[in-house]
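In what comes next, subunit A is part of two complexes: it sits with subunit B in the first one and with subunit C in the second one.
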Partner chain A sequence: MKGGPNYTVKKKKIEHVQVRTFNKKTNIFFNIMVGLFAFSCIFPFLFVIIISFTSETSLLTNGYALWPSEWSIQGYTYLADLKDQIIQSLFITVFVTVIGTFINVAFTSSYAYAISRPNFRYKRFFTIFALITMLFSPGMVPSYIVMTNMLQLKDTVWALILPMALSPFNIIVMRTFFRRQVPESIIESSRIDGASEMRIFTQIVLPLAVPGIATISLFAALGYWNDWFNALLYIQSDNLVPLQYLLMKIQSNIDFMTQNAGLSGNLSGGLAAIPKEATRMAMVVISTLPIACSYPFFQRYFVSGLTIGGVKE
Partner chain B sequence: MAMLRNLWRNKAFLFMALPGTIWLILFFYIPVFGNIVAFKNFHYSSGGFFQSLRESPWVGLDNFKFLFSSNNAYLITRNTVLYNVAFIVLGLIFAVFLAIVLSELRSKRMIKIYQTSMLFPYFLSWVIISYFVFAFLSPDKGLMNSILTLFGGEEINWYNEQKYWPFILIILGIWKGVGYNSVIYFASIMGINSDYYEAAMVDGASKWQQIKNITIPQLIPLISILSILSVGNIFRADFGLFYQIPRNSGALYEVTSVLDTYIYNGLTSTGDIGMTAAAGLYQSVVGCILVVLANFIVRKFDEESALF
Partner chain C sequence: MKMKKKVPFLLVIMLLIGTVLAGCSLKGNSTVDNSSKDGVTTLLMYQIGDKPENFDVLMENVNKKTEKEIGVRVNLQYIGWGDYEKKMSVIVSSGENYDIAYANNYVTNAQKGAYADLTELFPKYAKEAYDMLDSAYIEGNTVNGKLYAFPVNGNVYAQTMFSFNKQYIDKYNLDISNVKAYKDLGPLLKVIKENETDVMPFSVGQGFRVLPNMDFVLGNGMPFAVDLNGDTSKIINQYDNEQMKENLRIMHQYYNEGYIAKDAATSNTEYPLNSGTWFIRQETQGPYDYGDTLLSTVAEQPIVSKAITDPIKSTAQAQMANFVVSSNSKNKEKAVEFLGLLNSDPDLLNGLIYGEEGNAWEKVGENKVKLLDGYKSNNHMAAWNTGNNKIVYVQDSITDDQIKQRDENIANATSSPILGFTFNTDSVKTEITNISNVMSQYLDGLNTGTLDPDKAIPELNEKLKAAGYEKVREEMQKQFDAFQASKN
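The block that comes next holds the complex of A and B.
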């Protein structure tokens, strides 16, 4: 950086002027306050990690403790008993996330690009065609009937992918992004050079739109990774159960058992076999860890998603 | 002919819009049309979706009459609206408060750390959070009861006690979203010109006066737009929060039932498709009116920020 020295001088200056900061005492007070809240946001996850490393006997006698009397990695070794189901669920989750994100981004960005072009004759029609979805929601019941009865997608992996394969809101975000960030002159000159519209889109516009694409990809990927709702509605086979839904099913089996104490015998075997306390928490840790480890690096894209679109900066 | 020629000329763009268009037809327009089941006594027939629709007899507004004659309609509407009002009002206050405090802290590094931590819950699913909550509220093993007994209190059977749940749900709803919202407000505060603050300092304005007279007035447009837009969604509940966190506990239904959970339960367990669809249509229509109204108001304030 050429202006290196200047840069540091400037930085120092701002810290000294303190135009927009609290004085020292107030600063300490608010640091503690915000710090406590920030800690409350990650504390439950830390607590669940601790529980996952607690021995079963310690859990039975002391319950969930902040500092267990006996540590153990058994929660994780017991995961091996559930290996097949967990690996299958992990595979489904990863598959759905990867394929779903790809489809979502392809559908969303190509639709958005088409309606962002001033020379597309029907752009107004297609814009309204997509915007109407933001006004009205079709509702759970008709969507369910169409998915199961008309499209016959019940209990297929597509039931996990297709309902989220387009985000109308992201169409609008990307349309604005294409209009603002991709210079019209570049598109015009490629057109003069004889490039087809399709080629302009894939080879010139998309590379320029990487920040926008990254934002909508991350939102789509997060949506797919965290989705349990479509599985809840449409999935019955054990081999199509994604991680989040697996956790949910284990949970509801436990609730069922505690509410019908005598019936526990009926539930053993297969997916219904209930893993031990620490193992369940180990599963929570495993399905949360990928997000916990990656979002700090991507968070600026999530935040910029709101400012590149229609919402005012 | 001219029409065909125009279509041909726009073939590349039409092709790009095609996948999205098919998706919109299959997953939006046909289901919207499918809402006519709310006016029918719906039964599946062997001939598939359209035949089922055609063969189910019309019942006019019977499904709606049945829905609104039960106590449920009032209960779920009340719960949905009141919870959402709480989320909007308290969520706004906390988000703006946090954003202002963050913007005034001295250490840029600590700001970053706080923001990253506060964003964490936003990225988690309600399934995961329901496990978190259970670690605290489990009647026999949970941390809350351990703490209560440690201080000589009585253990509480959290999942059976209605009175705590409005607070639990509101706290969780805000806890999950406030980090994200405060980051938006934070970005807006960072965009305020420092000259205002310098001038205020020269005039001897205190920190509180600066916040009251510069920061908050500058945030008002963004605050009003985001709030009005969320008022448009006041009829839509966060299904995950109300379905996952109370763990389907029957004792809590009165305070945890919202429109979305009611519709889900109707669809999956009671099997009264017609009435459930009526509840869904009621939600969609009122929601639609509210969104249009909210957008109309936003337009009055600031045309740029309106959705349409």
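The block that comes next holds the complex of A and C.
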């Protein structure tokens, strides 16, 4: 034992731990900055809510005010008169959003899964196929011709759903997600256990991909909820008008009226159909609130999901 | 265990199938059908505006009649005011099949070949309606020597008016008999400004244009005008004209004195016609308005107007409401025949313009109607963009003298020197776009009085020069000279 190595290691005493963080002052500064930014995001919406509760006369004489001289629920009572149209539109919007999101997610995730599998022979072709539509858009007129002449979908609810049923961006996001989060070995072991391809996808891969699916669902749902352009192009009958397009129509009618001031006599029919300022804001509130309220439920996945598409291999 | 796991998946599949089926039944009720059955042709027609509430009833009456007389049914589709331009331009450029449409961008689309040539079809299949048209309509709608439009015979001439809210005139005992131009409004506006805090003295907003006694080649937003008080053979820039500058200075003065809303240049606040929120507004009126009768009817309150421009039959008025037949239509003859019937059969047309007979109106005398309680603003169509105003019955409050006066006024109104002149923009397309961009920076600011014209106009002219204004004006003058020579 003598002369053996001395095993006692001298431990260095840690005097100071350098935690990677901001010091107090910087922290407060950034908190204020972020707080201001958050406020600037939410402020317009608060303002819209305030305007929707302002009385029409006070709007005409004083304009918009943070604390109006006269409060009123006129805007909402007028909406109640329009309730048939609004409920119908709300129904269409919800229908399109739910079905559309479902179809979008089903198509997107199965497409992405296929091209994420290394043993799929045409994966390269289908990846590029999806990428091309992401980079080059054919423009409005060709897609209009396809929708109306070839598919005969004009004035059907499918014209609101199908144009957005497959999103190439989401495909790429999901493909990366499947590659990174679902190890090849799990798929292999299931195959050894005798699972069919379909079963592997539905019972093994999909449950593992819930955060990714939640993220693309949110993207899709937002897209469908806010879409008015497809309705502008393809929808003719009143009972298929989604809520956002109803708003958009009112806005563009107002623009038209102001551009053609001086024709009041001719346009009086149109003018009469335009709801008042407060009513318009009330409509904005009604059309935004549902999606804003559903946001927190998605958020849990959304934050983790945002990073998944970060690396596109 | 195994069963349990399968259940959600099966459920999902069932849900999907269920909704797909539900979706199939969710079709619009207006299936586009151009086919003909039993010798009856269905015409697809696009109209601008909002559907009247009793649309189905009105159209059923029309279809019953047209089916019996000319074997045609009409599938009338409304597209909102604001969406019409966007939607029609897609429909036109995709070559989609339709038969009749309210024309938008008439000249451009006609030059493109989107519309069927009606030069021969019109007099042949709709002779009665053709003969009733004022010749200014034919002249004003002729593009490259051909007629592509079926114009609605209506306000063939128009005048810019100041319309006064009569309740305030009576209240303050104001005298408006001397109002002839923008400069005469000052004292009147002042009274309202001082006494009525809730009233906007001059209803001016984005889109308001100061209109001098001129006619415009490319619309009043572009600086190409002919001065009707001056040399009518020269194309000028209206913003470089003393008469116009004077008006703009006055507007700027009104703005500074608070007679115009502070945010007028950007605001699209409406001052509803049927409210007391405004005192003076600028309106356009023509012979079929019967003075202030129409305006007062739609405003549901008395309005008095004073004209500030001469009655002129202009291209803008001739193209006010055109119906066009698509060049892709398979039923061109039938389409013209239908328009002909609509514009010559008083029963048919009045059933649309006044609504249901017996419910909304009843006929008194030969060509007058008495409005009943069933007449509401949203259960009939507008006269100006539906059909021949000459065969529309008049309200019983209008005297025979007024009708005689109307016809005299139409006969006496002069034609604008540029009526029928269409400028071919092919060689100066880029410059036109540049000029239009420059104009959009100044139009609202100058016209609403927000900008000081003595500072802004030199600036504007400088920018116009850089945008290639002279080149366009010279080209236009050249074409205009040729047009004038061909007319003589």
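Keep this in mind: the second predicted complex is superposed on the first by the 245 of 313 C-alpha atoms of A that agree within 3 Å, B and C clash if a C-alpha of one lies under 4 Å from a C-alpha of the other, contacts with A are read in each partner's own complex, and residues count from 1 in each chain.
One rule holds in what follows: a contact is a pair of C-beta atoms (placed from the backbone, for glycine too) under 8 Å apart; a residue touches a chain by one contact, two chains touch by 3 or more.
Please read all numbers here as calculations on a predicted model, not as lab measurements.
Undergrad: Quick check for you: in the superposed arrangement, does A:Gly35 touch first (subunit B), second (subunit C), both or neither?
TA: It touches subunit B, and subunit C stays clear.
Undergrad: Kindly classify A:Phe102 by the partners it touches after superposition: subunit B alone (first), subunit C alone (second), both, or neither?
TA: Second partner only.
Undergrad: Have a look at where A:Val94 lands relative to subunit B and subunit C in the superposition and call it first, second, both or neither.
TA: Touch status of A:Val94: no partner.
Undergrad: Answer with first, second, both or neither: which of subunit B and subunit C does A:Asn239 touch in the superposed model?
TA: Second partner only, subunit C.
Undergrad: Once chain A of both complexes is superposed, is A:Ile145 in touch with subunit B (first), subunit C (second), both, or neither?
TA: A:Ile145 sits against subunit B and subunit C alike.
Undergrad: Let me test your reading of the model: by the given contact rule, A:Lys154 touches which partner, first (subunit B), second (subunit C), both or neither?
TA: The answer is second: A:Lys154 touches subunit C but not subunit B.
Undergrad: Determine, under the contact definition given at the top, whether A:Gly63 touches first (subunit B), second (subunit C), both, or neither.
TA: Both partners, subunit B and subunit C.
Undergrad: With the two complexes superposed on chain A, say which partner A:Gln251 touches: subunit B (first), subunit C (second), both, or neither.
TA: both
Undergrad: Is subunit A touched at more residues by subunit B or by subunit C?
TA: Answer, by number of touched residues of subunit A: B.
Undergrad: Go through subunit A and flag every residue that touches subunit B in one model and subunit C in the other.
TA: On subunit A, the residues that contact subunit B in one structure and subunit C in the other are 63, 106, 140-141, 144-145, 149, 233, 251-252, 255, 277.
Undergrad: Touching subunit B in the complex: which residues of subunit A?
TA: Result: residues 15, 18-23, 26-27, 30-31, 33-35, 37-42, 44-45, 47-48, 51, 59, 62-66, 106-108, 110-111, 113-115, 117, 120-123, 126, 129-146, 149-151, 162-163, 165-166, 168, 171-172, 196-198, 201, 222, 226-229, 233, 244-245, 247-248, 251-252, 255, 277, 280-281, 284, 287-288, 291-292, 295-296, 299, 302-303, 306-307, 310-313 of subunit A touch subunit B.
Undergrad: Help me check something: in the complex, which residues belonging to subunit A touch subunit C?
TA: 57, 60-61, 63, 95, 98-99, 102-103, 106, 140-141, 144-145, 148-149, 154-158, 161, 202-203, 232-233, 235-240, 249, 251-274, 277
Undergrad: Could you list, by residue number, the parts of subunit C that touch subunit A in their complex?
TA: 5, 9, 15-16, 19, 23, 26-32, 49-52, 77, 79-83, 86-87, 90, 93-96, 160, 197-198, 200, 203, 205-209, 263, 268-273, 277, 281-285, 289, 294-295, 298-299, 377-378, 382, 384-385
Undergrad: In the complex formed with subunit A, which residues of subunit B make contact?
TA: For subunit B paired with subunit A, touching residues are 6, 9-10, 12-17, 19-21, 23-24, 26-28, 30-35, 37, 44, 48-50, 52, 98, 101-107, 110, 113-121, 123-125, 127-136, 138, 140-143, 145-146, 175, 179-180, 183-184, 187-188, 191, 194, 197-198, 201, 207, 221-222, 225-226, 236, 239-240, 244, 247-249, 260, 263-264, 266-268, 273, 276-277, 280-281, 283-284, 287-288, 291-292, 302, 304-305, 307-308.
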